[in-house]
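For reference, the structures are reproduced in the following blocks.
In the two assemblies presented below, subunit A is common to both, partnered first by subunit B and then by subunit C.
After this line comes the complex of A and B, so read on.
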């Protein structure tokens, strides 16, 4: 396979600029974004090495180089969040209703803010997955209808790749270890051999899910988000209690921590049911003046220390000096601070974004979709389905392709295994596990 | 998998559209998703002139009700999208 592209394979080859609309609705945030990508060196002005004629093919490196140096402008990035009453989570069906109610006014508003008309839009990008089925399909239905109505191509985007690409774009991180932490996902990711590989991940519930559900137990409001309110409570926490610390190789587990701390909260501050009372003897041994603030503080310190540990190990594995934190939990300043402390000890740098780009948004879908579109990728209508499970390493990106494969967003299953604690590196994992005990003390000490 | 003919419960809907073009768009957008439980229900969405026809073939009434109500939710979404962004409206709202 030749490592070059025929110009006719690429969209709008005569144009320097593309504008993409991005629609995101995989969880309780509904986001609409409009992005403009402007190539600084138009591809149709690329010349052959001998300078004799304008080439009609583009070597892949030239395409990658042009895309990586292009100008990216956020024309609009608006969000509407489905906020449930305190003590309640968001159910897929109700979330889908919310998205269907708000998506059209949101798109109109985004077009107005960006000062573009539908005729200016080159591609319509939507979240293909992962996420909740009902909300995803509601948004995809709008994407399909607009694509047919405006006669524009669809680009199905992997939600996780959207977070990573937007984070890289905003922060300028080149080859970071990515910690993607949100209500639905917890992954440590690094780019290796043409793909974002998952080095470690949550084995059960996501870290954000753990925090959100604890917030429900102690009745914290979901406005603006449960995680934000836990963060505020944690700032007033004074006592650190020991919680189960569950790092398993490169992976983490949060469900045990959640049920442990839920038991404490129910016994001390709520009305425990019989099952809770049956297994609550350990609560008696805890300080009597324990407050909900102390629990929030202890929970954050423990789960963030776990995340910092596996992130650091991934950095050691691949020798990276950059950490990029993305996802809704990524805007937690305490997590950024702990990550910063770890990075300082390694002479590494932490990159993080604020809530506009960390929390689910439309612009990241527009941006990642536009990148894919620029390499010739589109999603045919018949393939514009959504999928609740869509692994980060199922996508072959990227903005900086290193071989002849630059197509993105493919949902094809690949047999390549991500680097995880398999048999080959068990001894490394074991060694690092020993180290991790001291690391944890360190991180906790820093917090005091 | 049983053939649609063998399904004991069927429902046929005909949804009128203002023109054949919008009926085509709606039918194409709605036909993409496959039935989640193809063993129990099969849905066929087609554009016929300026209408969208939908045929449900279901093994039991419960699944037919679920499929019908979720189809109406999606149909409403598509209709609202068409109404909001049909070319003449789009120029009005963004100029």
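After this line comes the complex of A and C, so read on.
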């Protein structure tokens, strides 16, 4: 890898400040964020040690150093969540409809809140994946259209990297073991050899998915989120029942726990089907006064203990003394408390954020996208597809190679099938015309 | 007793046990866990660990010799291995192909024997593999997550855990891991089924970038 960047490869080299718009909609949260990055020393004023200046190049360390010490301001960070009735999850199609309905007002509101105009925006960042196809497509379509209307580059962002970078930025953690826990992801991540590497993960369903689905069985509301309501129920739980505890090295598995506790809930509090009744003998041996609160309590205690255990194992394996919790489940205070206890016993430090940055949001996409953009990375229109599967370890952060060839190679590893889904976006295009400051021909965007 | 390491599971102390170099592995209470859950898990793991160590020893797999178990305080006393971890060894010898092949041969053979006994190690990483200084043989340590199972699935996951540990700790070590698998296939009677399942597990591990 080349150790130097030529300045012409970097955007806005004369400017110290960039402003990025971030659009996130990989699941049921639609987020719009605007971030401002301000370099403390402009890159083109960089001096070599002997006080001579090579006009055209910046060593990669200098760039990295400048970026790591820059000022980051959140100008706007707003979110609209698609909330389904109790007992129901969110389907991709309906979620996409929700996003299409709300994204334009949300963008307008964000611009107003940030007090910027489209002309101030340097880059438009969107979630490339992972996530649900339909919702991803509807948001990417808007990103693409804005990029053409405003004549600004696109930056496709890996959702998981967004979480990690935002978490690091907010908490100031330098090189932590990251526990990323949400409705779709459960990963223990650490940075090694120029990449965020996955040390452990869920072998089947994500922890948030396990919690959400259990919430559905006992009919907890999805407002503000199923996980939040489980947390409140768990606070009132008194009895701990034994659930399967499945840790395999640094990996975990939740599907067995889910079906076990679902059986209990159905037999005790619901209407069990025949298959459930057939395998439910064990339920009789449980205390008769078991409440849904007790189940929530037991579920949380068990799955969080598993998560903390694999995080601790990764820390011991790597020799790290910092842990950062990100993702929607990461704002659960019980999980944060347990993580804190673990850290205390190891003399380590725990970093966590609140719901503004834990739960999916636009600002993390803007921030991670802006970081990539500052190193010269953009996503050409023809590559601005989305993908439902996009591994965290397929991204090489802050190491954009200087030749295009290498750059292509670095992303080749993950085979992304562009997702082409869904329904017409015509009405959005029509509205976008109104929103836009400059009226340009939209044919290209629509045909994409 | 001198604390030499605090792993994820336990504190490890160095001491002499009736004149022999030994370690005491103490599973101290994890305050983050609910006390009931913690007690159950800890007691179960101490017993499992001792049982698996004993089984391995009987079958001739090089493991630390078991000295004494204090089940009230959850301490296992065992032999202190003189040598270095495979992790350290590989980090020092990345260029020496013959040395790497030799180590792969040993790991593959040991794992095949282990799985033939239906012992699943549960936490195979390069820090849990030692090379004994005196005999140069491969020593398996830390049976804290081990259990007995004859399921192909469990054996495949065991290998998968090792593969992940390998690739995350030693980037560019895929060839080495492939070599381990080759040896494993040669030495194990159920190797083929386990390998087929390993490929399934890999897909499973890779797909859940977002399913919910």
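Basically, the second predicted complex is superposed on the first by the 394 of 448 C-alpha atoms of A that agree within 3 Å, B and C clash if a C-alpha of one lies under 4 Å from a C-alpha of the other, contacts with A are read in each partner's own complex, and residues count from 1 in each chain.
Definition applied: contacts are C-beta pairs under 8 Å (C-beta built on N, C-alpha and C of every residue); 3 or more make two chains touch, one makes a residue touch a chain.
What you see is a predicted model, and the numbers here were worked out from it, not measured in a lab.
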First, second, both or neither for A:384, with subunit B first and subunit C second: first
First (subunit B), second (subunit C), both or neither touched by A:88: neither
Partner chain in contact with A:146 - subunit B first, subunit C second, else both or neither: first
Touched partner set for A:111, first subunit B, second subunit C, both or neither: first
Touched partner set for A:198, first subunit B, second subunit C, both or neither: second
Contact breadth on subunit A, by residue count: subunit C or subunit B: C
Partner chain(s) touched by A:259 [first = subunit B, second = subunit C, both, neither]: neither
Complex interface listing, subunit C residues touching subunit A: 6-9, 28, 30-34, 36-37, 40-41, 122-125, 127, 145, 157-158, 160-161, 164-165, 167-169, 171, 201, 204-212
Residue ranges of subunit A touching subunit B (in the complex, touch as defined): 96, 100, 104, 107-108, 111-112, 116-118, 137-138, 141-142, 144-146, 148-150, 381-382, 384-385
Parts of subunit A lying in touch with subunit C, wherever the complex brings them together: 26-27, 129-132, 159-160, 183-186, 190, 192-193, 197-206, 208-209, 212, 240, 242, 245, 247-251, 301-302, 305, 308-309, 312-313, 315-317, 337-342, 344-346, 388-392
Residues on subunit B engaged by subunit A in the complex (per definition of touch): 24-26, 28-30, 32-34, 73-74, 76-78, 80-82, 84-87, 90-91, 93-95
